[in-house]
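Two complexes are shown next, each including subunit A; its partner changes from subunit B in the first to subunit C in the second.
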Partner chain A sequence: MLSYILRRIVSTLPVMAIVALFVFSLLYIAPGDPAVVIAGDQASPEDVERIRQSLGLDRPFLIQFGSWVWRILHGDLGTSIFTNLPVSTMIGQRLGPTLSLMMVTLFLTIVIAVPLGVVAAWKAGSFIDRAIMAFAVFGFSLPVFVVGYVLAYIFALELEWLPVQGYTPLTEGVWPWLQNLILPAVALGCVYIALIARITRATMLEVLQQDYIRTARAKGLGQGGILFVHALKNAAVPIVTVIGIGIALLIGGAVVTESVFAIPGLGRLTIDAILRRDYPVIQGIVLLFSFVYVLVNLMIDVVYTIVDPRIRY
Partner chain B sequence: MSEDLLRIDNLHVSFSTRRGLVEAVRGVTLTVQAGEMLGLVGESGSGKSVTGFATTRLLDAAGRVTGGKILFRGQDVTKLGGDDLRHLQGAAMSMIFQNPRAALNPIRAIGLQIADAILTHKRISKDAARAEALELLRAVQIRDPETRMNAYPHELSGGMCQRVMIAIAISCNPALLIADEPTTGLDVTTQKVVMDLLADIAAARGMATILITHDLGLAARYCRRIAVMERGRIVEEASPKTLFSAPQHAYTRRLVAASPTATSRIEDLVTEEERERTAAVVGKPRPAPAHGTPPLLEVRKLAKRFDEGSAAVADFSMTIAGGESVGLVGESGSGKSTTSRMICRLIDPSEGDIVFDGQSIGHVAARDFHRSRFRKDIQMVFQDPNESLNPRYTAFDCIAHPLMRLDGMRGGDGLRKRVEECAERVGLPLDLLPRFPHQLSGGQKARVGIARAIACRPRLLVLDEPTAALDVSVQAVVLQLLDRLRRENDIALLFVSHDLNVVRMLCDRTIVLRNGGIVEQGESRALFDNPKTDYTRKLVEAIPHIETGPALAAAL
Partner chain C sequence: MDRRTVLKGLAGAGGLALSGGLSAPAIAQGAAARTLRFVPQANLANFDPIWGTQYVVRNAAALVWDTLYGVDSSLQPQRQMVESEQVSDDGTIWTFKLRSGLKFHDGEPVLSKDVVASLTRWSARDPMGLMLKALQQEFTAVDDRTFKWVLKQPFPKMLYALGKGNSPCAFIMPERIAQTDPFKQISEYIGSGPMKFAKSEWVPGAKAVFEKFADYAPRQEKSSWLAGGKQILVDRVEWVIMPDPATAAAALQNGEIDWWENPIADLVPVLKKNKNISVDIGDPLGNIGSFRMNFLYPPFNDVRARRAVLMALNQEDYMRALVGDDNSLWKPLPGFFTPDTPLYTEVGGEVLKGKRDLDAAKKLLAESGYSGQPVTCLVAQDQPITKAMGDVTADLLKQLGMNVDFVATDWGTVGSRRAAKTPPGQGGWNMFHTWHAGADCINPAPYTAIRANGDKAWFGWPTSAGTEKEVTSWFEAKSIDEEKAAIGRLNKAALDDVVYAPTGFFLGYTAWRKNISGIEKGPLPFFWGVSKSA
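This part shows the complex of A and B:
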């Protein structure tokens, strides 16, 4: 098991290297001289030359890449052109809100979607099943910002149960923290709840057809035992896969959600950095997201082997 | 009557399908006494399994008991619900199924699966349940039970999985066990071991058993009373002896005739009433090949190793003359399918050579063999006609395809004529040609598979268990068809099968394989009547015999 995890980690290294190369090349893929791009429209030739010198852009590409990677490995993501702060500091400040949003969303999604899917499969063809699936189609079709504004209008403005916008760090208490995250998490989670509920239902329907479910019934097992002990675990591999893909998509969704609910997270930082052409920050964020994505995939692979003993490691 | 353990009274079961209600069981009445083993025999669709499922209340959602009673210890099972039902299922009545590997949860250790059953019905600790599960594994004679407790189904053989199923079924000492085709799909030797075990356990625990099977011979060997079902009704109920010596009902007579025995001949497989229709078939014996004629196929020292593992087949040599039929028998894992696929050039041998009609074809890569001029000379009939036909091809397309690919025929009248001629040769009615596989019966699909294989007039037909998925009465017809094709068209047959009785009838010579090597070979009848090796003897003895011989007399 341990050697399997190690081998999987080693196998992610080439992926990370390619991602790093791509992220680094962002500067060069953008049309024009990188130094000019960074300096902006109003820069004088002297400014451009200064930037070129300070960033080492006059050296050969591979050497630049090498020293960039070397610095990253030592935790140095560079300095923002706009704020002159280290990129790692800027990301660190914004990491908390985004991580909180993603975790709460993920938690809500799994806790709501999986049982919904199981019930829909169990009662397949019934009114409950059709209601759940109708809700799922609804959840698919609505964009995050529409759901976000509608939720904010109902629960924050009309009922005044929850705050409209903003973010409170966890250090100031669990409830204040959660209060600010519930609406954005529901808005962001809608699509994933719909998606995962549907996948859960489809996989469960297939599993419930299997002979071993009949065996479980023949043993006299209760409905709960059959559904959750025997069926759900067998249905887990596709569900876990979709949850993993969901986490990756969540990163994109977080950008929009943070704008709607004015959460000072990485999504906002990304948008700001792009608008300001703050390349070091963009590079740092893309690199971080890629790393998270690779990590999530690694975790999913490990979960597979725990769930299904037939997957050899 | 009150002492009947189970009394099924005029049971009706219907399934709602897209085409409306289908009545699967129509008025079944039978009784089972405590401790008795009753055989319930019938072909697919006869309603025997549905009767079993109705009794244990495991019918699909689409199935419903529409009439009659199932009295178990005087209590009507069909009216039970909730906790009463759960106390019945697994505790008082349990069931084992066909295809044991699929019947076990693939991702749960077998020890846990046995403990599940125990914990559902007894209020004991998990450790105590585990200890009981271990005892049960011992009772079903699983070697090294401590280690096997943590094994998963995919790590066990089919026979072992069925033993685990038996362990689960007997875990709460039920009064009635319903075994639905418990050994179908297992090797004959494994079948014997599992059935002996089941019979011993049932006898030791005084457990009544209903053995649901399509195999009359198997039921005759283990049951004192057999009920024969046809189309949802019980048509005859008698002791095995009476059933075989004096079957009353026409269907029973047909079933008895179609079940191959050690002495039956191909032409015996249908009853006398029906024989007239096929009488014309039986005829001229095949002339012995002239001396010095080179064999049609010669296989020299063939070997196959799949990556890493040991050899699946090693040092395999054989010859087949034109028009000869050779049987290849052995248990699963003996390498018979691998060998037949190499000869068909569907997979590449690791060593050795295959010479067809004087030309070496062993070194043509399997994926290039479709371009060889011998492709149309060597054709294959696959095991499961349900799986091996493309669901989107009509019967016509299936037969026409090889003609277009290998004989270079274009569409039009010529092609239509050839396809119709093939269909006629295999006895497939021409009006079935536009149908898709799902609109055909098992026997009809088997005919399409054979028609496809003979379309290009091959000289060697390799058949991989062509009748294993078919009912005996259909198997009888297919075997007659194959024998007729061989005689009429001088096609050589390489017949891969685990059913020794079938091989004995159809094949001139037989090769016995074990662990990838030849154990014994020779003229079929001599080989089976006087096996020279222990392995062959074991195989022959494991076949359930249905004639009223000494074995049966001893059992009675």
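This part shows the complex of A and C:
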């Protein structure tokens, strides 16, 4: 297993190299110019050109790419064109809020979606099943920002239970940390709750028709034991797969959620960097995200071996 | 345990948690009353007011760096860091003396050498600074508090140049920082202004924090815009960046922020209904909407085609698209200068007044030789102002019978593409939309967009000898009457040659909680004199 994990980690290097080349090329050919944004609306074309030169943006593609790769190999993600801060510092400032949002969302998603899917499968065809699936369709259909605004209106403006926006670090207390994350996590989690509930239901329905479930019932096992010990464990591989994909998708969803709830996370940093054409920041974030994607896939593969001992690498 | 027990437990735990989390202790409430939470117009992505000239940088910089002079609400420069000035009879030698007791945030005194270095850096980037630099014979520190500027010829607008609020302002920095290449960014944010920048708390895109500078020496006069005593009445000013206007509106209503610089018009009715919120015009100098036509390529290289567009243009259509039915938010603008300012003029503005004559415009367009070639119109969709104006222009051009190549894109792309001098079909353009802060349009000094010196002019590269002649006349004017006369002629010449198309004058609101007082209307948010009660 250890050698497998090491091999997988080593195999991420070419993947990330390809991602890096792709992103760099894309940014190079994309329209837009950070020098224009820096110089401001009143700047003369000469001013813009001088700023472009000072940033090294007038150099040929291969030289720019080469120097960037050289810095990356030395562990340096570069410096933001706009803030003059190291990209690693900027990512570090934003990592906490995004990780917190993803953790709380993931927790809510699993805690809500898996039991819902199990119950829906158990009560297949009943009113409960239909109600859960109707909720799932609803969750799929509503855009994150709509859910976000509605939640903010009800729970922040009308009931005044939770804040509208912002982020408080965990170091300032669990509740202050959590109260800023509940609404965004619910808004972001809706679609994943719907997705995982549906997958859980479908997989459980298949498993519940297996002979060993019938045997368990014949032995007189309780419904809870059958559902959550015998059936759910055997249905776990596809569910874990979808949860893993969900983690990857959460990164995309966080972009919208962080904007709606003014959470200073990586999603907002990405948008800001793209709109301003802050190339080093965009490149740093994409590299980080691609690494996270690869890591999540690896973790899922490892979890497979835990939930299904038949799987070996 | 039954269902009721669980529900009671949850309610109790929730109540406990809420009471602990939402009602802050008395000490925290006191701190909150000394912290002003402000949502600015944009993200403070960099903090060098000479290197980056965006308005948001200028606005933040005005807290941290001071200027030698500052314009007041009557647009007159008043002494700020300067105690006195002397000018020679021939107007070529200026001698300035700094006030005593001025200190930078690192405790060092402000000296003449700092001023010389700062203004040298500023004059490499600012249009008025460049003019001064061209006239400069000698610029030296005479002693710690005295410096002298010797010019080759008089520059009557000297004090205005040093005190203007237009970006880049002539901010004073320590010499070691001011010696940075003006095209490279500084990394130390030490000023002598009324607040210090808390660099360690700066999260670009999310938060910027300013702390009261205890050693600041304010002037004794009452503050007025950038002039007078800049008394800071709170301990901290926190800029909270909120990209989503709906979130900012909700946060203001919920008391999570105190002041929102520029609420969008759509949300103003909601804010006005809230009894805890005040809403008023933020900047009385407002903005001027515009679209620029490319003088280098057909059809707009022919003045008749440009005039045809101006003849058909209905400013009300543009303004309604921007501000809706709120008539207090816009004015027609038959010219280029900001209404209700001393140099405002309508001379030559008949072409923009009265009923629109589409047939005459079509006839003039035909005379220009236009024969249906595509007109590449750049419209940034991520800026509500340009998007709204772009839609109106597309309709206008179609009514004129023009073949519109509508390029819906983002502001970043417009920003770079408009600099391209290649033909429209090869990456260039015929027309793009933008707007100008009214504060930049009060006279020709900061008004880059009005210049018409061809290749050296702003994007579109207009050429208009008459316009340029009157710009020079204004700079040389020695009295307000001479200035007004020059501006009248300038307005006419610029309209005759259609340097750009003004689409109207519009205002915006600002909104704040009612426990905030002392907010002054102006071209930038002034934090001095603003206080907050618990």
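We adopt the following convention: the second predicted complex is superposed on the first by the 269 of 313 C-alpha atoms of A that agree within 3 Å, B and C clash if a C-alpha of one lies under 4 Å from a C-alpha of the other, contacts with A are read in each partner's own complex, and residues count from 1 in each chain.
Convention: a residue touches a chain if its C-beta (ideal position, glycine included) is under 8 Å from a C-beta of that chain, and two chains touch if they have at least 3 such contacts.
Predicted, not measured: the structure shown is a model, and the values here were computed from it.
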item: Which of subunit B and subunit C A:L298 touches, first, second, both or neither; value: neither
item: Contacts of A:A248 with subunit B and subunit C, given as first, second, both or neither; value: neither
item: Touched partner set for A:H230, first subunit B, second subunit C, both or neither; value: first
item: Greater subunit A contact set [subunit C / subunit B]; value: C
item: Which superposed partner A:V307 touches (first subunit B, second subunit C, both, neither); value: first
item: Subunit B versus subunit C as contact partner of A:V260, first or second or both or neither; value: second
item: Which of subunit B and subunit C A:L170 touches, first, second, both or neither; value: neither
item: First, second, both or neither for A:I128, with subunit B first and subunit C second; value: neither
item: Subunit B contact footprint on subunit A (complex, rising order); value: 210-212, 214-222, 225, 229-230, 233-234, 307-310
item: Interface residues, subunit C side, partner subunit A - complex; value: 17-18, 20-22, 43, 45-46, 48, 51-55, 125, 127, 166-167, 181, 183-185, 187, 203-207, 240-244, 246-248, 250-251, 253-254, 256, 382, 409-413, 415-417, 419, 434, 436, 440, 446, 448-449, 456, 458-459
item: Contact set on subunit B toward subunit A in their complex; value: 56, 58, 86-91, 94-95, 97, 99, 102-108, 116-117, 120-121, 152, 154, 165, 168-169
item: Contacting residues of subunit A [partner subunit C, same complex]; value: 31-33, 36-45, 47-48, 50-51, 53-54, 80, 82-85, 90, 93-94, 149, 152-153, 156-157, 160-161, 163-166, 173, 175-176, 179, 259-262, 264, 268-269, 271-272, 275-278
